[in-house]
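Shared between the two complexes below is chain A, which pairs with chain B and chain C, respectively.
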Partner chain A sequence: MLKILKENKKQVFNLLLLFLFFYLLVMSYGASKYKPESVSELLNFTVWLNDWPKWLDLPLMNWINDWFKEFNEKYGIIFEVINNFLLGMVLGLKKILVKTPWPIVIILVTLLAYFSSGKKVGTTVFVFFCTFFIGFLHPRFWDKAIETTAIMLIGIFLCLIIGIPLGILISRSERFRNVLLPVLDTMQTIPSFCYLIPGIMLFGLGAVPAIIATFIYAVPPLVRLTDLGIRLVDKEVIEAADAFGASKKQKLLGVQLPLALPNIMQGINQCTMMALAMVVIASMIGTRGLGDEVLLGLQQLNVGRAAEAGIAIVLLAIVLDRITQAYGETLQERRAPAKKVKK
Partner chain B sequence: MKLFKNFLISSVFVSLFSLVATGAKADCKARLGDFDWSSANIHTAITQFILEKGYGCEVSVTKGSTTPIMAAHYDKQLDVITEVWYDNIIANYEPHVEAGTIMNIGVNTPDSQQAFYVDKATADKYNLKSVEDMKKPEIAKLFADPEDPSKGRMTSCISGWTCYTVNLVKQIEYGLDKYYTNFDPGSGGALDAAIAGAFAKKQPIFTYYWAPTGLMGKVDLVRLEEPKYTADCWNDMSQVVEAIKADGPGAYRKTCACEYQDMALTKSVLTTWAKAHPKETEFLKKYTIPTATVNKMLAFYEDESGGDMEATAVHFLKNETMWKNWVPGDVAKKVSAAL
Partner chain C sequence: MSKIEINNVYKIFGPKPHDVLEMVKSGSGKEEVLEKTGHTVGLDNVSLKIEEGETFVCMGLSGSGKSTLIRHLNRLIDPTDGEILVEGTNVMSLDTEKLIDFRRHKMSMVFQRFGLFPHKTVLQNVGYGLEMQGIEPEKRNSISMEKIEAVGLSGFENQFPSQLSGGMQQRVGLARALATDTDIMLMDEAFSALDPLIRSDMQKQLLDLQAQLKKTIVFITHDLDESLRLGDHIGILNAGKLVQVGTPVDIIMNPADDYVEAFVKDVNRAKVIKAKIIMKPVNEANGIDKSNLIKVQEDQFIEEFLPQVVCTNSNCEVVDKQGNTKGYITNKELQHSLTKS
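Let's look at the complex of A and B:
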């Protein structure tokens, strides 16, 4: 018996899925308020072939609602702890950034661009002007941009500490990848309000549900690109490492990760861009930042105001993009000096 | 970058989506504007049902948030709005009435409320009855704002709506601003979720809210007393509110503050549409449902209909008789036949 099971794993699995489907059908029918008086009515095809019958309705809504209510009451405390922890991080970071005089922040950002781009003057000057223009567009935008950045940086930090290890894991295990990929697809496509509103009920209004939402939306590209980067490392290099008797850990830290770094940097870059895309959505759940300037402009039908804030968000995106992108490129050039092309 | 750009654009229109329903005959066409809160949805659903089944109209419904929908109405793209929060948008609305593009055709729900509320458990425990009772540091501590722990959080109206600035001025006038933040929840759905979440976790909450709403029937909020409404006080405050909206908080000057007037929600139609459809307009003019009935319908919608607004409209038409006074006998017969 066991042997047959093992040999036909796939068939058995599909059969189980089929059973699950019929179970759901029967369950839904049993739970429906609209089921016909007698079963014989089901045989009267003309009635229910035209419109989708009302009793053929999976009560997923009720399941989720009941589950969520109980979950919220039972485990609300845990989320409170997470909430306080993340909020503490955001507030701390914000305090430092807000207290620093704005010229110093601009200089620091410019210096960061200078070194990460491998001392390219063009990129540095460009980043300097972009940063300057955020405040130049409207003095109020400066503090708001800093608030946005603080929330985003924490979100990206979460992405890094969870996304990169996940990426490494799925690059090593085919089975785990098969499980995780659909989850990543769901995270990227499910409308953000589906998890934002429950997020408010768990965490309360403000920065923390926005960070969680940013994480859900922005982590998939990082996981994917980490996975891709590691799998793209030349087989010969791995073989060479094996030949030197490198342990798994040595191989990962000494060979695979460094060689995958340009891809991972690209992932971080994508992660940053996606995180910025969440800014306006986040402000719809009471997160301070540039997003609420956009919303405010739209609420008041003030197209100019909304556009101004929108441009500020784009500038912020450009600054972050240039810095991470340039760092990735610098890394790539350093890794492959032979292919270095003069631009 | 392309994805990012698309995302920005789509998020701007995130609340704008449209449902199109086609009637059997197209003697008349009506484009209804609907909003993203349930009481408006109910009025729209009932109106749609009567217009379609009773008058044989071809009805299309466009749903969105206040600003885009009202802008489309002013722009003659939507014929009928079944629930207008008139007092809140008076400054934008009146010029279009004067210009003759739209008509205010009377009340759909009398005595709606907006006020400051506290959850009943906390109100009873600390004997909180009016805004004056809130002005104590130990009370403010109950509602501590996690983002600014030195103050309590008053979850306010949505920034950009007039009520947000009204609440701001009220807080200053009542002396609440020293103890509480005027916290912008960002959107109506977020405000609802914040209130529902606080009740689920049995945490104290101090919030601005309004009725008729489905949530109001489910949670126990106590309305805090404020100084009684007087037109003089309100008008003076409104001037300050408008100044702040135009020029920022710096435009504040000392004024007075009083409670929100219990106001009537109104209906609005395009003048051209009303001229072309006199019979239908007559029905819309007569249309009015008391707040208690609306609350009942909202509770039915949320708890029993399984989120089916059309079923809620049918439930209303089956169980209430008031609508038979709005329409002529033959129309009433057609509607009843369609139920």
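Let's look at the complex of A and C:
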């Protein structure tokens, strides 16, 4: 019996799916409020062939609501802990950045750009002006931009510590990849409000659901690019590492990750950009920051205000993009310098 | 005991190799298996022995399974069936930890497209094997420098591989393999990606190094001239089957089947065959015109004394190192050995 199961795995799986389908049909019919009054109505095709019959309705909404309610009651305390932890991080970071006089922050950002770009003057000056213009557009924007940045940085931090290990995992296990890729697709395509609502219910309004939303939205490209980067490493180079007796860990840290780094940096860059895009949406659930300026402009039909805030977000994006991109490029250059003719 | 022994190794690529194994064992060919089951036969009942200190060249066209075979020796690929013994140890019996240890200390490898680490300098690349062996950086660097010098790359140690030409990169690969000082060196089409002049240069360098080091080298190539030049023994693979194993002369003089014959058809025999192979021994040499003789060392290739024979129209007397006459060569022997049959 077991042997038959094993040999026809696929058929058995399909059969199970079919059973599930019929189970759902019966269940939803049983739960439906609009059951036909008599069997004769069921047989009267003209009635239910024209419109989708009301009794053919999967009560997924009720199921999820019931489940979520119970889940919230049982495990709410865990989310409270996570909430306090993340909120503490955001507030701490924000406090430091807001309390620091703004010229010093600008100088620090400029210095960061200077060193991460490998001391390129052009990039540095560009980043300086972009940073300056965020506050210059509207004095109120400065603190808001810092708030946005704080939320984003925490979100990206979450992405890094979860996304990169996940990427490494799926680069190693075909099976795990097959499971995770559809999940990543779902995370990227599902409208963000769908998870913002449970986010609010679990974490309350404010910064934390925004961080969670940022994470869900921004982590897929990082996972994908980490996976891709590792799998794109030249097969012969991996064979060489194997042939000389590298252990799995030595191979990962010494060969695969360093060679995948350009791709991973690209992933971090994508992650940053997507996180910023999430900021405006997150403002709708009461997250403070540059996004709520856009929202205000929208509500008041104030084109100028929305545009000002929009530009400030773009500037912030440019600053972050330049810094992460430049760092990636510098790394690449240091590790594999452009070919020089040498005699 | 042979240094490396391969017994009845099968390798089948595909989702269910073990189900197909019986079919291959019962004698189905590569194409038949592919058509019926979608599995690719990589190696089909390969058995061979490689002795210590020799250069064994494994030759075949692309897809004949030669690269698959060499990867079985350090288990970059696991066989579907069969036994691989290195110094009497069954490689298949090693667990992960022992396998890593085995790869660190027993074998090193040179790759067709070099397989260098692009993010490491030449010095770090050469020292990689030593790093895996857990040798201190100072000692590692001094050994690496020595090997870099041995392959003639002094002054390039702090460059990155991308800054070097193909030939230089392969020298780095060679130095990396030499650095670990393993008994066995695997060379997978090591010189195939190089242009002809550099290839010939590298072959010479390998021969010189081998004369000093006496390692056991397994060399893969699709180039017959290369295999004749480097190999003490040559194994010819066709469609995963080992069709012939023998010395270069064996292969040329007695090709085992049409495939090998087609392979050796265009080879320059004068370059490969030595005087002692074709000479008539003294006791059979009756009625040879001995009035006009050229002295020839028994280890000389035909190519080396042929012009002289043609110019003076004389016969050859073959002598050994001590000067004793071992036999004679007349035009008849020359004609016989140089004619493509």
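Assume the second predicted complex is superposed on the first by the 336 of 343 C-alpha atoms of A that agree within 3 Å, B and C clash if a C-alpha of one lies under 4 Å from a C-alpha of the other, contacts with A are read in each partner's own complex, and residues count from 1 in each chain.
Quick note on the criterion: a contact is a pair of C-beta atoms (placed from the backbone, for glycine too) under 8 Å apart; a residue touches a chain by one contact, two chains touch by 3 or more.
This one's a predicted model, so the numbers in the text were calculated from it and none came from an experiment.
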(request) Quick one: on chain A, after the overlay, do chain B and chain C clash, or do they fit? Just give me the call. (result) fit
(message) By the touch definition at the top of the document, which applies to A:317: first (chain B), second (chain C), both, or neither?
(response) first
(message) Per the contact definition in the header, classify A:150: touching chain B only (first), chain C only (second), both, or neither.
(response) neither
(request) State whether A:166 touches chain B only (first), chain C only (second), both chains, or neither. (result) neither
(request) Using the touch definition from the top, say if A:237 reaches chain B (first), chain C (second), both or neither. (result) second
(request) Using the superposition on chain A described above, determine whether A:259 touches chain B (first), chain C (second), both, or neither. (result) second
(message) With both complexes overlaid on chain A, does A:309 touch chain B (first), chain C (second), both or neither?
(response) neither
(request) Compare chain B and chain C by how many residues of chain A each one touches, and report the one with more. (result) B
(request) Return first, second, both or neither, reflecting whether A:290 touches chain B, chain C, both chains, or no partner chain. (result) neither
(message) By the touch definition at the top of the document, which applies to A:213: first (chain B), second (chain C), both, or neither?
(response) neither
(request) Minimum C-alpha distance between chain B and chain C after superposition, to be given in whole Å. (result) 30
(message) Quick check on my understanding: which residues of chain A belong to both its chain B contact set and its chain C contact set?
(response) none
(message) For a test of understanding, state which residues of chain A touch chain C in their complex under the given definition.
(response) 234, 236-237, 239-247, 250, 255, 258-259, 335-340, 342
(message) Taking the touch rule as given, give the residues of chain B at its contact with chain A in the complex, in rising order.
(response) 1, 3-4, 7-8, 11-12, 14, 67, 71, 146-147, 155, 158-161, 183-187, 189-190, 193-194, 196-198, 200-201, 245, 306-307
(request) Provide the residue numbers of chain A that touch chain B in the complex, in ascending order. (result) 33, 61, 69, 72-73, 76, 83-84, 87, 91, 193, 196-198, 200-202, 204-207, 273-274, 276-277, 280-281, 283-288, 292, 294-296, 298-301, 306, 310, 313, 317, 321
(request) State the interface residues of chain C toward chain A in the complex, per the touch definition above. (result) 71, 74, 76, 100-105, 107-109, 111-119, 128-129, 132-133, 159-160, 162-163, 176, 180, 186
